[in-house]
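The same subunit A turns up in both complexes below, where it pairs with subunit B and then with subunit C.
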Partner chain A sequence: MQSQWAKILAVVAAVLALAVVVPFTSSFVILLVTRALAFSILVMSLDILLGFTGLASLGQAAYLGIGAYVTAVLATKYQFGLGYDFWLVVLFGILAGAVLAAFFGLFAVRATGVYFLMITLALGQCVWGLAYRWNSLTGGDNGINLSARPKFGIDLSHDVTFFYLVLGFFALSLLAMYVMVRSPFGASLLGIRERELRMRILGYNTWLHKYIAFVIAGAFGGLAGVLWAHTAGIVSPENVVLTTSVDALLMAVLGGAGTLVGGVIGCFIVFGMREYLSTLVPWWQYVLGAVYVLTILYLPMGMMGIPERIRQGRASGRPNAKKLAVVPS
Partner chain B sequence: MAASVPGSVTSMNTNFWLIQAFNGISYGALLFLLGSGLSLIFGVMRIVNLSHGSYFLLGGYVALSVIWTTGSWALALPVAALAIAVLGLCMERVFLRPLGFDPLRQVLLTVGFAFLFQQAALDIWSGNNFDINPPELLTRSVVVGGIYLPLYRVFMIATALTIGLVLWLVMEKTRMGAAVRATVDDAQMARGIGIDTSRISMLVFALGAFLAALGGVIGGAFLGVYPGLDFEILPLAFAVVIIGGMGSLGGAAIGALLVGLADNFGKALFPEISYFTLYAPMAVILAVKPTGLFGRE
Partner chain C sequence: MSHCTAKRSWPSLGCALALLICSHASVGAEELRIGFLAPTTGIFAQVGKDMVDGFQMYLDEVKNDFAGAQVKFIVEDEQGKPDTAVTKARKLVLQDKVQTFVGGLLASTGYALAPVSTSESIYIIPVAASDDLTQRDAGKFPYLIRTGWTSSQPSHPFGQWACDQGYKKIAAVGADYAFGYEVIGGFQKAFESCGGRIIQKLWPPLGTKDFGPYIPNLKQDADAVLTLMAGPMSLQFPKQLAAAGNKKPVLGGGTSYDEFVLPAMGDEVLGHVSALQYSAALDTPRNAEFVKKYRAKYGKVPSYYSETNYTTALMIHEVLKRNNGKWPGGPEFIKQLSAMKFDTLRGPVSFDDLRNPVQNIYIKKIEKKKMFGYDKDELWNTVIKTYPNVSQFGQFNKAEFLQQPVYSRDFPPCKFCE
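Showing the complex of A and B:
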């Protein structure tokens, strides 16, 4: 319990440090951090599935995409969501993600392991196909440009203001997801991850648990999409493509699946490399690829597993040791 | 396809259906080269190989280098395919095999490699779009029943048929093939009766890379060779494997044919939702029968 509070304090301190420090950095860094924060909501939503329920999804970008496209279409076609009604758009984005996940979940949730991976890939590709080809609605390959960010009392086109908004949403999402995974519901998800059959024998409706987790993850994905649309200023099939889903999955694993915060760390590492390192050296993608490969080979618990590895001295790195420690008794 | 058209329509309309069907079948032939290897890899090793698209792309690039230095397209085909087969073999031996059985880590590892290959290809062959020009003989057309059929597409179909036939013979008639089928059905049992599944995995992985690269060279003539092709073609390969059933050669053939036709007719008839019409059936098939139409439990 003691260490749990220490971790919470560390995370709160990190969020506060971001809030204090980032506005004094360059506009490049402010935008970079904003993008990473928005995307890390998606990565955390994936972690609910991957780390806490044991379902590796290869289609999480679909929810980012639907949230982003809802925002962009409403803004450009109906001039909706550019004032106080922005909050309605946030709601719509969350609902759109949840509804899409509720629909996709009917197909996906009964699958397990590799089959879940494949079916989420197929479902994600459905959304990508529509985004890419449905020119009249989505603008096809060119995507949709958002000319302005919402303005309601505060002006979100001001990067620092917008950064605080995204940071606020990020902190709320992290808190909400943390409360969820620590709740009895979250505990039963962990049980499903560890041994689904046993949970079923104990009388749990494991399908329903997984389904609800899937829908919640979709809802947070939708929220990430709304924020992403206004962060990037453009929504295109690029946001829904397979590689974006893969990115989210790699970020979660890089930071450490089943920790929520790990996904955020992974997200910041990847965004940092992709947008900062790439300005310094042309071979940055080798570094990124090598980091992925080495993490998967030698750090099954990701970056969050490093302290554990060090503590155990010459430990074998079996993931079970950590997993068991997370399950509340 | 022509049978579904009412008799009263003009011959131009019939021609449209015939040409689209022909294009679909020849595209399916290409997808078979790509998908059959992926399917066998999955069947034998339960690995979702996300670098399969990279093999396809790298095959095209290596072929380009061979053509630039020797000028021979015919030489480029085997050289590129063999080079990528060796690459796949190394990847399997050095990285995937030691990982043991852990689907998620294997998948992620293959993605990591896909990114590395992407960057390497960009550095070596630049970011330009290339086309692989086949020999002049294959650029002609033949006229069958008043329809011009590009000889190159006929060549694609013939290649896929030949390779499919050889694969089928090897799988059904040889001891090696029987060992592969046994490993697909139950790897543990196969090991139990003395089949060297590790060696089978290695060979199948190399074979898969070989076929994908061959597809990349052949497909380079009309898809082109460009950065990003790897992740564009990958979902199609998965559609083939999923519809056909994982680990089944016949399934891959039918899956490839269906995806080729669906892709062509989808783009011709309802362009706005063409990819949707491709991937939605894939999701439904997976939901109803996770092992694919022809896959075994």
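Showing the complex of A and C:
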């Protein structure tokens, strides 16, 4: 329990540090951090499925997409969501993500393992196909440009203001997801991840639990989409395409699945390489590749496994640990 | 003691400061910061390299000196994604404070980048050919100017040319995205307005490698096949078409047979005809010199991507020459540039009032021959007909043209498809 509080404090300190430090950095860094924060809400939502329920989804970008398209279509076609009604759009985005997930969940949640992977992939591609082909609504391949960010008392087109908004949503999402995974419901998800059959024998309706987790993940995905649309200023099928889902999955694994915060770290690392390091050096892809490979080889728990790794390293330095190591040989 | 050192360091600090100011003043010349967006990684990396090389070659020729202004050339990788392109463009605008950013490959990237342009940082478009940026949306984005082309610009004379060859029915296969719709759509409008018929339109997705599901479905009663390929698709399609035993004439949009891919092609493309505003085989002394220099430097024949960026650098230089090496400010730059006339590698170029080039369109046939004194037989896009001074509206009336919607998957409607 002690260490749990320490971890919470560390996360709170990190969020506060971001809030204090980032506005003093260059305007490009503010933009990048905002992007990474918005996207990490999607990564965390995926982590609920991947890390806590044991369902590897390859279609999470669909929820980002629907949230983003709802925002963009309302803003450009109906001029809706550019004032105080922005909060309604946030609500619509969350609902759209949840409703889409509720629909997709009917097909996907019954499957497990690689079949779940395949079904979510297929459903995600359906959304991509719609975004790509439904020209009159989505603008097809060209996507939709959002001309302005909302203004209500505060002007979100100001990058620092917008950064604080996204940071606020990020912190709230993290808190909400953390409370959820620590709740009895979260514990039942963990149980399902470890051994679904046993949970069923214990009398849990595991399908329903997984379904609810799926819908919640979709809802957060929708929220990420609303923020993403205003962060990027453009919504295109690129947001819904398979590689975006894969990116989210990789980020979650890179940071450490089943930790929520790990996904955020993974997200910051990948964004940092892809969008910041790439402005400095042309060989950024090698660095990113090396980070992936080394993580898989040496940190199966992701970046969040590093403290554990260090503790193990220290422990193996002690004599009694050595003794233990000798026994099997 | 400490007091003493502090006292002593003041003059030296002052001197250093003075030196800093002096050295800055002695450079004197204005710095011109040009941001450049090209996909240097990903599936379009080859094209991206041609884009950067073309621009860089001009800078090297003038030693980064634009009439006294020192050019700082900042290349950013847009990774072939509109989203990333916007982020990188914002980096160029916010952090590097560039006076202009140049580039963007895909039509969709062009649409995405347009809103980033401001009067402080204007957007110059050498490649991204998205029609509407200089047509129906031209009013929305006053701070951009195009030095390249619109997707449908070569298609309008090309459709007319197809009529002149006596083709009556043509089947079209085009990459399934905005650029494909605009190239094929422009051809269809021109071809059908002179009596031809497009009898089929197939849309394989961007990045298709196996055309098995499309080639056997091509209508057998067509007189010719029209293709529009992009990126790696350009290489695959003609091979598979030839393997399927095609005997019909093949016509292509410019990027189907551009020099970025032509050297990698085989004899299966001999006799294929395409239309674009540039060909590396343009037989002018200036172009011959350009091709030889480019090839000596980068080991390959320049593509239109190289040429259009080289020419863009030249145009920026020319405007600065008029202003004695001073950046005149974004709006003024656009005003001056669009009033100028250039004699470029691709031929004479001027601008219409929507800030798009008016230029020659070349109908090109692929032949195997020796050119420019190279001793090997190679594939070249030989120019067989030149349409001089073609605007983006081609043979059509501008006002009427702007009344119709932008070319898309469904426009013009396929009246003669069954």
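Here are some notes:
The rule is simple: the second predicted complex is superposed on the first by the 313 of 329 C-alpha atoms of A that agree within 3 Å, B and C clash if a C-alpha of one lies under 4 Å from a C-alpha of the other, contacts with A are read in each partner's own complex, and residues count from 1 in each chain.
FYI, a contact is a pair of C-beta atoms (placed from the backbone, for glycine too) under 8 Å apart; a residue touches a chain by one contact, two chains touch by 3 or more.
Quick caveat, the model's predicted, so the values are computed rather than measured.
With subunit A as the common reference, the superposed partners subunit B and subunit C clash.
By the touch criterion stated above, A:V166 is placed in contact with neither subunit B nor subunit C.
In the superposition on chain A, A:A111 makes contact with subunit B only, while subunit C stays out of contact range. In the superposition on chain A, no contact is made by A:L227 with either subunit B or subunit C.
If you count the residues of subunit A touched by subunit B and by subunit C, you find the higher number for B. When the two structures are aligned on the shared chain, A:Q285 is found in touch with subunit B and with subunit C. Shared-chain residue A:I192: touches no atom of subunit B or subunit C.
Of the two partner chains, neither subunit B nor subunit C is touched by A:A61. Of the two partner chains, both subunit B and subunit C are touched by A:N135.
When both complexes are overlaid on chain A, the residue A:A98 reaches neither subunit B nor subunit C.
When the two complexes are overlaid on their common chain A, residue A:V70 makes contact with neither subunit B nor subunit C. Subunit A residues 132-133, 135, 285 lie at the interface with subunit B in one structure and with subunit C in the other. Residue ranges on subunit A touching subunit C, taken from their complex, read 26-28, 31-32, 35, 132-133, 135, 140-143, 145, 147, 232-234, 236, 238-239, 274-275, 278-279, 282, 285.
By the touch criterion given at the top, residues 40-41, 76-77, 79, 81-84, 86-88, 90-91, 94-95, 107-108, 111-112, 114-115, 130, 176-178, 206, 408-410 of subunit C touch subunit A in their complex.
Considering their complex, residues 42, 46, 48, 50, 95, 99, 103-105, 107-109, 111-113, 115-116, 118-120, 122-123, 231, 234-235, 238-239, 242, 271-276, 278-280, 282-284, 286-287, 290 of subunit B touch subunit A.
For subunit A in complex with subunit B, the residues that touch the partner chain are 50, 56, 58, 106-108, 110-111, 113-115, 117-119, 121-123, 125-126, 128-130, 132-136, 241-243, 246, 249-250, 253, 283, 285-286, 288-290, 292-293, 296-297, 300.
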